[in-house]
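Pasting the structures here.
Same chain, two partners: chain A is paired with chain B first, then with chain C.
Then we have the complex of A and B:
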């Protein structure tokens, strides 16, 4: 592309040596310099790639414990130079060591809401929908869009823990696991 | 004199520069959430089914008093039946065990047993829990602990039901032997725990 343009410029120069009419003593020229910055987003570093919720069951009756606070982590150094969309997808905390379906009245899954905040004024939140075996019958996600560029720290927190059925007891397991996936993407509808 | 001026005209020359790479989406951040649930068994206070019982007197806490252990006419053992329920839960593969401290209802107080009399009453404690059942035979053969247990290979919750049955005339001195006067006692212990 650059070579073609240069060739074109030389051709114009050569033609300029022949004045079709009166030649002026001076003239001006305009050079347009144009640049373009592509749309981009960058998701920074996690302060911790793991959120440990701790003991999930109540040691009085085996039901879901009252989990204090909102366990979380942060993603620092994120930016988008245009409008963006942040998306959160979470999966339930599921007992990894318990084979098969749990007996009636028990659950091997704990649901929760994962939120990503700090990216714009509203948080993107997603609530898991696991059944007592941890399976989810429908896909789900939460997202927020920003029209303006943003550079900020994203806080990822978990809250609103629940069992699939009210009063379900948790099967004993030392390893309940779930994942929270945070995605940052440019938003075509945004600016500039 | 014609003056020739060469003019240089650059018209429409556009320099295009692009900075940065265009990416619609960056690699997502994946956070692992973890937690745990401790192994736990719970056992509530016993509930005695007085309504459906036979020969039951008062119930005080976890003590069941038999109304009349001996028959007024024969002085031997009267039949007795009652159920005890415990609301219970274990959230892992576990074992239920029931033990009789004395292996029967034994006369307390060290009274010597005269010949032809009985100082102990055998009984059975049939218990059900989760998918299983078992019967503890407290046969009063000797004053010593007797246990019965079975494994439950899954978490479970509900009621442990123990049906205590005393046969009419059952004694450690043969069927129908008269009982020495006094207090007869045993302690049943229910344990839920690891296999």
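Then we have the complex of A and C:
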């Protein structure tokens, strides 16, 4: 009889070990799911990656012609998911085939102002500073900062064409080239 | 064990998310093109080099040392790298003729438009000389002047009005 009591006591203790602590009928666990969205900007598609402004000089006196219209292109589908900064960097139109420095009274470079509008209320613009040989002695750029996310079409236009010296004549060349680079960058100071 | 597996999965997801660009930029470059055709131009043409009365000596011959200068044009320019200037000149002449008298007056022409010609003696009609240039401009700061020095006569000179021409032709070349 004593042996049976001892055996029962051991069995009860074993059951008590399975339910150590609060022993309930159901149980649960909570897993926290986290993620993040990195700050990013994306420039969309250029309607044209090349802008041809055509004949730059007039044949009457050889000086800079009046460039008709406002040459430009558009960038569609651009977005930034945070505050952003749009920057424009332009280089002058420079004669690529004319060897050496231009003769006195002539220029190999045509300057202009490039602007990127539609990204916020103000356009970012940059004016080139080429000398008669086409070189620029200082770096330059134009920018605008937005505090909010933006998704829009950006219009890139050229205007205010000029020569380094007033009345400079342009050397003949079938290929004057320049570039406009538009950069969208996230702005850490912006929201959200 | 299930709890550990879920925890590990969440940790991996967090690492993946962190590896995404946190400050991505994007840029696009547009190429701008233009051209300038080769061209030349002369403005302010029809200049006259006027001698008025040409001096003749007691022998009736044109005296030496008679020189006049004037701009052949106001402005001459070419913007290409391989242009040419052709100058065509003819002696002064007058209508009519008479045996023993000269009805033409030769001259020596010099102009910066034809530097290779130096002092160029014009003794026959329609003499030409061509000079090749790179881009150049002759304007108010570098006048396209022409200087005419009459040659001394070899025969008595026939009376009359004399005229000759100096024609400048410019051809652009890129």
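Keep in mind that, in the parts below, the second predicted complex is superposed on the first by the 157 of 192 C-alpha atoms of A that agree within 3 Å, B and C clash if a C-alpha of one lies under 4 Å from a C-alpha of the other, contacts with A are read in each partner's own complex, and residues count from 1 in each chain.
As a convention for this text, a contact is a pair of C-beta atoms (placed from the backbone, for glycine too) under 8 Å apart; a residue touches a chain by one contact, two chains touch by 3 or more.
No experiment lies behind these values; they were computed from the predicted model shown.
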### Task
Using the superposition on chain A described above, determine whether A:42 touches chain B (first), chain C (second), both, or neither.
both
#### Entry: Which of chain B and chain C A:69 touches, first, second, both or neither
neither
### Task
Applying the touch criterion given at the start, work out whether A:110 contacts chain B, chain C, both or neither, answering first, second, both or neither.
both
### Message
One more residue to check, A:31. First (chain B), second (chain C), both or neither?
### Response
both
### Query
Which partner does A:99 contact after superposing on A: first (chain B), second (chain C), both, neither?
second
#### Entry: Contacts of A:186 with chain B and chain C, given as first, second, both or neither
both
### Query
Between chain B (first) and chain C (second), which, if any, makes contact with A:175: first, second, both or neither?
both
### Query
Of the partners chain B and chain C, which touch A:57 in the superposed model: first, second, both, neither?
both
### Summary
Check: chain A residues flagged as touching chain B and also chain C 29, 31-43, 46, 48-57, 59-62, 71, 73, 75, 93, 95, 102-103, 105-106, 110, 112, 156, 158, 169-186
### Query
Can you list the chain A residues touching chain B in their complex?
1-2, 5, 8-9, 12-13, 16-17, 19, 23-25, 27, 29-43, 46, 48-57, 59-62, 71, 73, 75, 81, 90, 93, 95, 102-103, 105-106, 110, 112, 114, 156, 158, 169-186
### Task
Sort out for me which residues of chain B touch chain A in the complex.
3-40, 42, 89, 91-92, 154-157
### Task
Show which residues of chain C lie in contact with chain A when the two form their complex.
2-3, 6-7, 10, 13-14, 17-18, 20-39, 41, 43, 75, 77, 79-81, 134-137, 139, 141, 172, 174
#### Entry: Interfacial residue positions of chain A with respect to chain C in the complex
29, 31-43, 46, 48-57, 59-62, 71, 73, 75, 78, 93, 95, 98-99, 102-106, 110, 112, 156, 158, 169-186, 188
